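There are two complexes below, and they share subunit A, which is joined by subunit B in the first and by subunit C in the second.
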Partner chain A sequence: MLRDMMANFELYQPTAIDHALNLMNRYGDDGWVLAGGQDSFDWFKDRAKKPRAVIDINGIDDLHGIRETADGIEIGALTTLTEIETSALIKEKYGVLADAARHVASPQIRNAGTIGGNVCQDTRCWYYRYGLDCYRAGGNTCYADTPEGIDREHCLFGADRCIAVSPSDTAPALVALDARMVVVNGDGEKEVQAEDFFIGPDVDIMRMTILQPGDLLKSIVIPNTWAGARFYFEKVAERNTWDFALVNIAAAMKVDNNAISDIRIACGGVACVPLRLTVVEEVVKGSPPNGASADLAASAATRGATPLNYNGFKIPLMESLVKRAIRES
Partner chain B sequence: MKIEVTVNGEHQSYDVEPRMLLVHFLREVVGLTGTHVGCETSLCGACSVMLNGDAVKSCTVLAVQADGAEITTIEGLAQNGELHPIQEGFWECHGLQCGFCTPGMIIAAHQLLERNPKPNEADIRRGIEGNLCRCTGYQHIVDAVQYASKKMTR
Partner chain C sequence: MAIKKEDYLGIENYKVVGTRPIRHDGTDKVTGRAVYGPDFHLTGSLYGKTLRSPHGHARIKSIDTSKAEALPGVKAVVLGKDLVQNYEDKVSDLGESSVDLRFLIANVLAGDKVLYDGHAIAAIAATSAHIAEEALNLIEVEYETLEPVLEVRRAMEDDAPLLHDDLKMRSLGEETDQASNIANHFQHKQGDIEKGFEEADIVIEREFATGTVHQGYIEPHNVTAHWTENGKLTIWCSTQGPFEVRGQVADVLGLEVGDVRVIPQEIGGGFGGKFRVYEEPTAALLAQKTGKPVKMVMSRTEVLKATGPTPASYIKVKMGATRDGMLTAAQAYMAYEAGAYPGSAVGAGAGCIFSPYSIPNSLIDGYDVVVNKPQSSAYRAPGATNAAFASETVIDEICEQIGIDPLEFRLKNASKEGTRRADGPVFLRIGQEEVVKAALAHPHYSAPLEGPNRGRGVAAGFWFNGGGTSTVVASVNPDGTVALVEGSADIGGTRTSVAMQFAEVLNLPIEDIKPNVTDTDTIGQTDGTGGSRVTFATGWASYEAAQDVKRQMIERAATLWEISKDDIVFEDGSFRSKSDASKSMTFKELAGRVNRAGGPVVGRAAISGKQAGPAFALLIVDVEVDPDTGKVDILRATIVQDAGKAIYPGYVEGQMQGGVVQGIGWALSEEFVYNDQGVMVNASFLDYRMPTTLDMPMIETVIVEVPNPGHPYGVRGVGEVPIVPPPAAVANAIYRAVGIRLNELPMSPSRVLQALWKADGSHGQAAD
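After this line comes the complex of A and B, so read on.
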C-alpha cells in the first residue's frame, strides 16, 4: 500500500453553509467534506479514496459550538470532542455524552476530532479500510465473512453480505438521549432521529448513514427529555486508548419509587448501526434497577445474536455491559 | 496556496501545496525538525504540536488549515536558552531513552499541565495516552511530568 503522500486534490475552504452546499452539489461523488480529518486523512494517505475536491468546512462559524435552546441543546457538527467532554452544560445535563466523548481515541485526536465526524466516520473493518473491493466498496464479496476471515471485531446483529460494525462511541449516547440530527442540503433543512440516521447494509451497503452526496450534517439537537437522568456509559476495547470499542453501551434511565419508569439504551460495536435495545427497555420498565432485572435484560439483549467465527465473545461481553448499565446507571 | 503562520512567536508566510501535511511543512519548509514523523496515522503522537492552544497530531492536519494560526513546536518551549520546566523534568528524571517520542511527549505534557497544573499519576498517564514510547520508559516520563508540575506550581 502506498502511504504518506496523498494524491493531489483541489481544496475549497468555504465560510458559509450555502457555499459548502454549492461545492458539494458541483462535485457530487468526486467531492469530500473534511471536518476534523481524523477519518478522512487515513483514507487519503492510503489512497483508498482519491476525491477530486476536498471541501474543508472548518471555516464555517455556524457549524461550531454548543447552544442552549428552549427545549434542550444544539451542538454544531464541528464541535470538537474535547469541547463536548469539558462542556459544563453537557456534563451537567447529558453526562452520558460527555462520558462517551471522553472515551474516544486520545487527547490530541479529541482536540481535532468533531462530534459530526465521530458519528459520520466510516466503519473500521480492516479489509474494507485496506482498500479491498468488498461489498461496501462496491465489489461483490466480503473478505471478513469467510472461513479464514478474521471477524472478531465484526457484528452480532444485522449482517447482510457486509458484517462491519458502527465504530462510534458518541453514537450510542446520542441514540440513548433521543437526539435529532439536523441535515441540510440544497433543498433545505430536515431533522432525523439519531436512531434513523444510521443505516445498515440492508438499506444501503455503501453508506453508514442516510447522508447522500450533497447532504451536510449541520448540528445535533438533544431534547430536554433525558436531561439530568441517570446515565451509564462503558466502552470495552483491547487497549485503553486509540482503539475502537469491541462493544460499548450508553443508557439513560429514570427511576421512580425504586422502579425504572423510563429507559433508553443502545449498544455500539455489535451491528452496523448503534443498536437500540428496545426489547431490553420493555423488559425492565416497571422493575427495580437491581440484579434480577439486569439478568433478565442481559438475556433479552442478546436474543437473536448471530455470532461469526471469532466474535462469539461479544455475546457475554454485551450481556455484562447491559447488566452493569441496568444495575449501575 | 499562500499561508501566514506564527511559529514559536515568529510570523512567517509561505506558499504551499494544499495536500502538504502540517508536520511536513514544519520540518521541510520551516526547517524545524524537532517535531518527529512517527506512524503518520495519528496513533503515535510523535508529531504533536500546539495549534492555537490545542495539542494536535500534525500528521493529520493540512498545512493550509493552519493559515492564521499560532503554532508552538518543541523548539518554542525553551526561553532565552533556559529549558522549559517540562524539558528540565525529562532531563532530571531520565524521561527519555532514544528520544524519538520526546518532543511529542513534552507537547502532550504541556497541554496536560495547562489544563490541569497539579495532575495525579492517573491524570498524567491519561494525559499522555495519545503518545507512544517504544522504549517503554513511561514511568520516568510520568516522573518527569510530576517534576515539572511541582516546579511550575511552586
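After this line comes the complex of A and C, so read on.
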C-alpha cells in the first residue's frame, strides 16, 4: 500500500448494457466494472487489485436516473449518491434512503460515487486492504483475528474465518425498505431481495455480494410497501464526515393505534452483511414504540454477539442505536 | 474577578504593525498560481521511486536489483551502500532537533537492517513514475524478520529485542556500556521532592499514554535534484529549513555545503516535519548516476509510514498541593518513543511539563527510547502536548478535590518573572498570569452550560519559542519600493509579518515592500521556519535592515543637499533638514535619486542568538458526550494566548486556531495503528482520522499582549503553543460532562464508550 501509480490496464467504455456484458464475459475474473471509481481507484492505486481490463459503464444511459413505477421506484445503479440525497421523490417517500445517502463519505465523493458502487464496495478491513494474502484475498489466514490483531472495527456477528464488516451506509436502508436488486448477465435479468444480495464469508469468503463475474447490477427497485412509513437512520463514526460507520442503523416502521404494526430494521458495521434484525422485529411488533420496547429490542439485538479483542464497544453502541431507532422512528 | 484591559494588553501606537493588510502571496495561493515543489519540473527529468520495507523489523540478507535494472526505461538504482560510508562521527542539525549522522544516513537508505514499516531500502530512477513503480516490484530482497518492538514500555524491558546492537545507554550525562533501547535517561531536579510531597495535603499520581500522531501536512515531501557540469548540486524541494537541508544533504553525500544549493518552493505545511531529509539525498544520487534531473514525490502512504511523526509516550505524573491551593511538589516520569533512531522530543517535553507553574520542588526523569516506528520528528511544540495531557489533567483532579476553580488555581500558582523552571532556566517577563486573567474574564468561562452530558474543561500550555539566526537584505528600488530578500520559508504568512516590521521603521505602505523568500546561495544563513521563530527573529533582522536603510538614505540625502547627516531627520515618512525647512524629500523622492548620490541603497542585517520570549496559552473547551455512542462533540472552544505583540493579528489568530484544531484531532481521533508485525495499517487520510471542518466549531481567539522586552516590537512566537492544551482540556471537559477520567489518547468513541461501560458497572462483558 505504498503506491500512487496504477498499473496499466485496457480501458473499455461501452455505451450499451449488451456491450458491457460482452466485455465482462470476455474478461471474466480479469475484468473490472468501473462506476464512480471511489472504491476502484483505491484498489488500483494501492496495486492490491490489478485487473487486465477496466469496463467503464458510465456511458450507459440506461443505468442512470430515478424512475417512478406503478408499484414503487427504480433507481439506476449509476445514480449518484448526491442525486439520491437530493431527490424530492426519495426524500418524500423513502426518506431513510436519502438520509443514508447523505451520510456517506463527503460531498465530493457523493457527487461521483454511485448507489451501485456503494452497495457493491469491498470491505474496509485494513489488513485485507493492505494487500495481505488473507482468506478474503484467496489465502488461508486472517490477520485481524489474532491475539494481537487490531480488530476494533470488525464484526460482532457471522465471523467465519473472516471477520470483516459491511461498510455501506445505504445497504441497511435498502434492506429496511425491502428493496430488490436487478442483476443482468448474458442469460437475462433477475431480481434479488436486498437481504439476499449481500453474502457472508460462510457463503463465499471472497465476495460480499452474489455478483459473479459477468453479472452487472443494473438497478435497485424499491416497492411502495414502505412509502411514507416512519423511518430512522443513524451512523456513528469517529469523524463527522468522510468516514465509515463504526455502526449504522436503518429502520422502517408502521404504527397503528400506538402499536408497531410492522417493522424492518437493519444494522451495518456489525457483520459482513447489512444485518437484518429479525429478532428485534418480532420482539417489538404489537408493542408501542416506547422506551420499554426499545430496551427489549436492544437486548434482543445483541443476543449472540461475539465480541473480539477490541470491538466490545460495538455491543453497547449497537444497543443504543437500536433503542433510538425504536423510540425515535 | 474583575480585570482591566490594560492589565494584559500591550501598547498599540504603530501604523503598520497590528494591522491586517492583504498578504503578498495570498492571491497566488488561492488561485493556484503559487509554485509548490511538486509543480516544479525541469525538462528531461527522470522520476524516482523508493522501495520500502514491508516489515517492522528485519535484517536484510540480500538485495538483487538486476531484474529491475533490466526493465526498459530504468536508468539507475541506488542502495544504502551508495551513500557516504567513511563519514566522521558528527551530529547533523535538523533545526528543531539534531541527529547523529550515522542514523541520518541509515534512515535515508537502510544498511543491513530495516527498523520500521516503510523504511527506505532502494530507489529507482526511470523515464516515468509508472516504470519506476513497476521496477520496484522487480527488486528482490531477502529478509530475516525479527520481532518488532512497538511500545515504549516494552522497549525498555530487559528482554526486549534490541534495535541497535551498538546503541549504548547514556544515563544522567554519563556514557554507559549497557546496550539498550533506551538511548538517554536524564533528570531535572529542583528543591527537595520528598519534603514537597510531605508539605502537601493532597497528592495525586496518575499514568498516561499517548499514541503516535502525524503532522499531517497536505503537501507530501518532494524533491527535484540536478547537477551542473561543474559538480554543483541544486535541489528544489518543500522544506521548512533550506539551510538544514543543505547541511544534511552535504553530510549524507560527503559534499561541502558550498557545493549544494537548496531552492525552497512554496510549502504546503510542515509543522516541524519538514526539516529532516528523506528523498533529497536519494534523488541527488540518482541524478548524479544518470546525469539527468530526478524528481521524486512521496505518496500519502509513504508520508505517513516513513516521515514525521510525533512520539507516542508513557508518562507518570505525581503532584502535591496544599488545601489552600498551592502546589508544593511535582514529579514526572516521561518515556517517549524516538522511533527507529534516538532523538525524541522528550527533552522539550520535560522542559514544558510543569512550566506554567511556580513549583518549589520538582523531579523529572526523561527517557528517549527507540522503537520500530519511523524516526520521530518535531511536531508543533514537540513533546509539550503529550506532557500537558498528563500534568494538566492531574491539576484538574487536584482542583476538583480541593474544591477550587481550575483557573483560580492556575492563577495562584502561575509562573512569573523570576520563577525557575523545573529544567533550570529562570523566566524573564512572561505573560502566564495575564493569560489566565484574560481567560477568567472571557464570557465563555462564565457562560451557562446547559443540557445533560455537557462539560467545560480548561488546560494551560507552555512553549519556549526559538531565536536562532536570520539574515535579511533590503534593496531600495528607484520607485521607492523595497525588495526584501529573506531565507525563511513562509508557512504562516511570515513574508508579510516580516515585511510589516520593516515597513513600520520607514513608514512605508506594506504594498511597497516586495518580500522574496530565496535560496541558500542568495542569502546568508537563516535557520529554518520552526520554533515559532520567524516573526520574532527574521522580523527582528528586517527591523535592523530597515534601520540600515534609513542610515544610508540619510547619508545619500546629506550628499545631495551637501549638508551634514547629523542635520537630517526622518519623520512621518520624510527626510528633512533640521536647519533648512526647504530641504525635505519623501522616501520615494529620495529613492529616485540615490543611485546618482552615492549609489544604490542596500540594507542588510544578520542576527543570531537572540533570546526568544516564551509563550503561554490556555484553552477553554465545552464538550457534549453522547453516552450512547461515546462520541465527543466540541461545542465551543476559546484559546487565549500571549503573543507578546501581534504583528499581524489575523495570522496570530490563524495559528491559534490551527494549533487547537490539530490538538483536538490528537485528542479525539488521530493515531497510528500498527499490527503485531509492526505494519502500519491505517496509512491513509481516510483511516488516519484527522478532523475535518465538520468536526470543529469556530475556534474563538483572545490575543494577550505582554510585550517581550527582548524584541523591538515585543514579539514572542505564536505558532506552536496553541497545540499544547487541547488534549488535556478536552479530557477535563469529558470528565465534567460524564464523570470519567480518560488517560489514553485518542479519546475515540470506542475508548469513551468502553470507559463509560466500565464505570456504569451494569454491563459485565466489556472487552478490553
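Some observations on this one:
Criterion: the second predicted complex is superposed on the first by the 327 of 329 C-alpha atoms of A that agree within 3 Å, B and C clash if a C-alpha of one lies under 4 Å from a C-alpha of the other, contacts with A are read in each partner's own complex, and residues count from 1 in each chain.
Methods note: a contact is a pair of C-beta atoms (placed from the backbone, for glycine too) under 8 Å apart; a residue touches a chain by one contact, two chains touch by 3 or more.
For clarity, every value in this text was computed on a predicted model and none was experimentally measured.
By the touch criterion stated above, A:Thr146 is placed in contact with subunit C alone, subunit B being left untouched. When the two complexes are overlaid on their common chain A, residue A:Asp56 makes contact with subunit B while staying clear of subunit C.
Touch criterion met: A:Asn111 reaches subunit B, while subunit C stays clear of it.
When the two complexes are overlaid on their common chain A, residue A:Tyr130 makes contact with subunit C while staying clear of subunit B.
Taking subunit A as the reference, the larger set of touched residues comes from C, when subunit B and subunit C are compared.
In the superposition on chain A, contact is made by A:Thr241 with both subunit B and subunit C. In the superposition on chain A, A:Val279 makes contact with neither subunit B nor subunit C. Of the two partner chains placed around the shared chain by superposition, subunit B is the only one that A:Glu10 touches, whereas subunit C remains out of contact. When the two structures are aligned on the shared chain, A:Ile315 is found in touch with subunit C, with no touch to subunit B. In the three-chain superposition model, subunit A touches both subunit B and subunit C at residues 3-8, 106, 240-242.
Subunit A makes touch with subunit B in their complex at residues 3-11, 13, 37-38, 41-42, 44-45, 54, 56, 58, 80, 82, 105-109, 111-112, 240-242.
Within the complex formed with subunit A, the residues of subunit B that make contact are 1, 17-19, 21, 40-43, 45, 48, 54-57, 59-62, 64-65, 108, 111-112, 126-127, 129-131. Those residues of subunit C whose C-beta lies close enough to touch subunit A in the complex are 49, 52, 118, 129-130, 132-134, 299-302, 305, 628-631, 668-669, 673-676, 679, 681-684, 686-687, 689, 691-692, 694-695, 748-751, 753-754, 756-757, 763, 765-768. Contacts from subunit A toward subunit C in the complex involve residues 1-8, 47, 106, 124, 126-127, 130, 143, 146-150, 152, 236, 238-243, 246, 307-313, 315-317, 320-321, 323-324.
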